[in-house]
């Protein structure tokens, strides 16, 4: 849609490809298609959550409670599944998504109706939601053999050689793309975050936009609650602990502006893939485990600095001569 | 007055420790007049454990039995507890000598190390080849008992010339990280035959990863884990056999030792553990319980009901 | 010319007095309530040694909360504080390992903290990146460096005198940590509410552009605050390391959120521009009392975190709801 | 012509803000096919009325009749549904969105059963509207890449993007070039012919008389009079507006000019301005005139040290100085009262006292700690001198009226005892009474031996107050005139790039 976005996203794509190529020189197996697909599958949950987080950040809010929402919905679904194994997935899945939605709505309502800053609301609900996981489970794990086989197997089943996890993320990317580019409500999130006053003048309720973003983010976290628990075949209190920062980092690397109003699905996807490649490659290329965290931290810092350079405005340019000279 | 014993675990909600708490209750009932306060931090941090221990000190409990997240960091606080007349023992994962009077190892560390390698050997043989590569999946790099066991494993490894230890990776006791590390192992070492995970979180995640990679039969996961958490993976075939000592017995013994210390029924070399017999203390005040018990398809179902 | 009493009367019209009264009395009221509830709920609560022990659980965090409050008032934030504490602890550990004396160890810790803070400040002011973004990165970077440096080892060769910072007592039950915190609290009260530095902090927090146009060196001020936060992470690290007697890469893991919670609970606006040190101090005690009281009842930490989370939202929501109710009543 | 019934009538509309009666039982009628000029001083309540008519604000009293029936415009959507559209005084648009989207946001074109957005139609329609108004803007550029004038054209395009029946133009020409203004007149003509009712707000009387059919006058939030333009002349309209004669609006005093205080030589910026030279003498008021976007603000901010990219020489009292930041400019006695009062001038959440002391905290503190008494006294002296209207000096600036906010900003700078005061649009958004006060005050300043640079886009003001005028056009100095040679034609021509400049 505009050259600048394109440039930043191409840059990120090039960096990712370069990174993959560099990894391949150390471990050629890494670029085997099956392996890349596995890495993508592994990144699916991050991608889905990053899509939701992007919508929240674009409205000038932030959702620190996503990981806790994942843990809570995941635990509830795992527990319902073990208590009522006869309940079909077709009923269980909507339940989990609805629960995620409700948790998102709570965030959204507090932000919209009480006007509490999103970071404070979600800092609070983050503790509350995770605490609730402990309360409902009494701290106990739900283990693989307690869950039904279909519960664990559904997202693993392949279609066209691609696993359910990946399909869900592809679906979410597509839906987000449509939501953000083709739907009025989605576009309004961008307007609300870009200039709340102007949004208000054009009849957009900024609080309501934030509310909607939180609702979507909660719903996607509900989806991920299931995917997470099914993927690792275990549910416990610390599921996805600290994962919210990864999700936010993915958005930020993908060029989502924390000040609101700027984001793109492609950028956000690339940001998540970037972290996904790092997460998956570091164990493979035999980097000392003690280096992994420092490397991903350094990479985030560098990516963020590089991003702002791309974003920097060239000034107003009043002089004609300067305009000419610029081209 | 009741004798009050604070049973401090690495973190609440871990199946192993829940089972240990059961054992502690059993001991309390057997003894009579004993109250067990089962507590611990939410995440496995030393700071969290210190907070919990501080509140136990404030409640003037008679004894504290702790499975430590950090050998050294708890020492100053536990010293303070001892100064206030509280008996301190560590169990499962130990505290440096200055911080406690007795440490109860679930088994001797050497034994655990050897057991893990023996299991790995069995696992490799189960793939149908007599020799092959193995890898270790540990918890956090700072985890005390993990590191000791890995040391011990390396000591006995030369006796198993058919096994080649290729690497040690760390899953941080997080399911997703352990899973991803396992995937990494499977990719980096296509000829890997066995993964030894002496951690209950890691072994579960590794088993799942092996199953998801479709490598059941080519790679077996083994190590230390709980029957209740692993029953499914023994079923699936990702795990042939694994070991664990009985956490119920461990909690029971820790409580018995604490009680006897409070009552003054202990000598420098020996303290009674009720139905578990007597703990023989070495010069550091360490004692060891029995050899870990091995579980496989034949018995895992039965024990999964218990812990 | 005015008589001085005249001026004094006019000075008392200063809006800060009105603001302070409402928020702080609200917090004090809650704190008193928790205190009474604790005394009733547990027979162990009202014991000087116990109360003294309880302060250890929050003092180090509270010390970082002081400069962090200023940073947040100034519209910035630092999520890397816990990681700075860890990295400072590691350098201290290496100094101790090298056989250096206590003063050198402390100096190393403080310097590391200040340098990390300076790095954050440099990234934020030089590249004009939001600090929340920068410090998400440096949070992993600093923590990652502790793993790089330490791996699976621990550093524990601290000299005996080093114990004093985290375990020593100044007078009877009054610990060194706690006395230092009280002293620093007074210093920060003066700094924020009485000094030109504090005035600039508020001005920048309310309107950085106007402050800049008024001749305030905004970048330098922010830089100073980041360094100050780093330095205080160093101080906290000295005390925590001394209290634990050892260093591991996981030291102070997850502290950033509880420290930020303290600051926000103290009435500091997370969007910048307003807040007071007294509010933060009361919030520190409030959180300390709640966790200690619940700890005495052996309530698991995660359940406490539900309560703290709810308290955070509730305390911020209460004035908004009250105001709305008052307006509603006025209209009716 | 005037036999038609009003399309919209506002009856007895009142609107109160905390402490301000913005509108008090005002009346307004808009007729199809006619242009009504709404005139009134700054702060008379014109824009407030616009916001009420577009559903942004709700009136506290009164009602609106549309086609003879009472309507409630509870949201901007409702107003838009009735075909009411406005170009607001401040361009309220979205920097990060494309031109097309800025035009259609809130009223997207959709297609298909699912109601997906139809970008192709929107793009082509946007391109057509832009072509119609002869705005050479590509629909898919981002708004932030446009100049202020172009942004205004986008706002106009937005207003024309749907079938409007009522079009409100709130000072639309303030930021437009001469060519664009002509284009706007043509658009207004076309809308009239289509039967639209138009409300036109402007402070420029030549415009008002050129395009309006009727006038309505507000003063201090109250309705004064309405009638047909052809029945009134300019001086009477001004009298209605101000409520008194306006002869003494520019109290310029003749003062003997002293030696040069500030001289700027060959001052250049890589992209914003080039080869600027001028000298400011003691006791002089130097006016800077130009269209919005001519680069005057950039130049002044550069002299004040806000941006550091410029090269050239600046001398104060003959000494070459190096201005690297606002602090260093202040230290040299140069102060700048910015154009954007709320964003750049005052820290509006802080009390008056703290705003005034902010640039010189050092002088009211001892060892880094503020001496509250000294601070209060400093503020009191200057706030009193400027006749700031406030309950007490600890009132937060936010609660003051616009004019008083501006006075606080000026007081802040005078308190630093400067030798050069740069005033950037000092009377923008200030009511006529305060405006005269500011002008008087400028005279006082020069009497006391200070020198003033006044940036202004109001020709009468520049011509009335200045000893000399520098006209800027596209970042260059287009014309410099002594008071004796002032000529409105030459100045306007130079400002819009006319050929016979210099």
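The first chain written gets the first letter, and so on, giving A, B, C and D; residue counts start at 1 in each chain.
Basically, a contact is a pair of C-beta atoms (placed from the backbone, for glycine too) under 8 Å apart; a residue touches a chain by one contact, two chains touch by 3 or more.
Heads up on the chains, UniProt names are A = ABC transporter permease; C = Autoinducer 2 import system permease protein LsrD; D = ATP-binding cassette domain-containing protein.
Not measured: the values here are computed from a predicted model.
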Let me spell it out: compute each chain's centre from its C-alpha atoms, then which one is farthest from chain B's centre?
D
When the centre of a chain is set as the mean of its C-alpha atoms, what distance in Å lies between chain B and chain D?
74
How many angstrom lie between the CA centroids of chain A and chain B, rounded to a whole number?
35
In angstrom, rounded to a whole number, how far apart do the mean CA points of chain A and chain D lie?
43
Multi-partner residues in chain C (2 or more other chains touched) are 147, 151-152, 254, 300, 302, 305
Residues of chain B that touch at least two other chains are 12, 42-43, 141
Applying that definition of touch, give me each pair of chains that meets it.
A-B, A-C, A-D, B-C, C-D
Taking the touch rule as given, give the residues of chain D at its contact with chain C in the complex, in rising order.
304, 306, 325-327, 329-330, 336, 338, 343-351, 354-355, 357-359, 361-362, 365, 368-370, 372-373, 376-377, 392-394, 396, 412
Chain A partner contacts - residues on chain C that touch it in the complex:
79, 123, 127-130, 132-134, 136-145, 147-148, 150-152, 254, 257, 260-261, 264, 269-271, 300, 302-303, 305-306, 308-310, 312-313, 316-317, 320-321
Considering the complex alone, what residue numbers of chain A touch chain C?
62, 110, 114-117, 119-121, 123-128, 130-132, 134-135, 139, 237, 242, 245, 248-249, 252, 258-259, 288-298, 300-301, 304-305, 308-309
Spell out the part of chain A that touches chain D in their complex, as residue ranges.
1-2, 4, 178, 181-184, 187-188, 190-191, 194-195, 197-204, 261-262, 313-322
Give the list of chain A residues in touch with chain B in this complex.
27, 29-30, 35, 38, 42, 134, 137-141, 143-146, 156, 228, 231-234, 236-241, 279-280, 282-286, 289-290
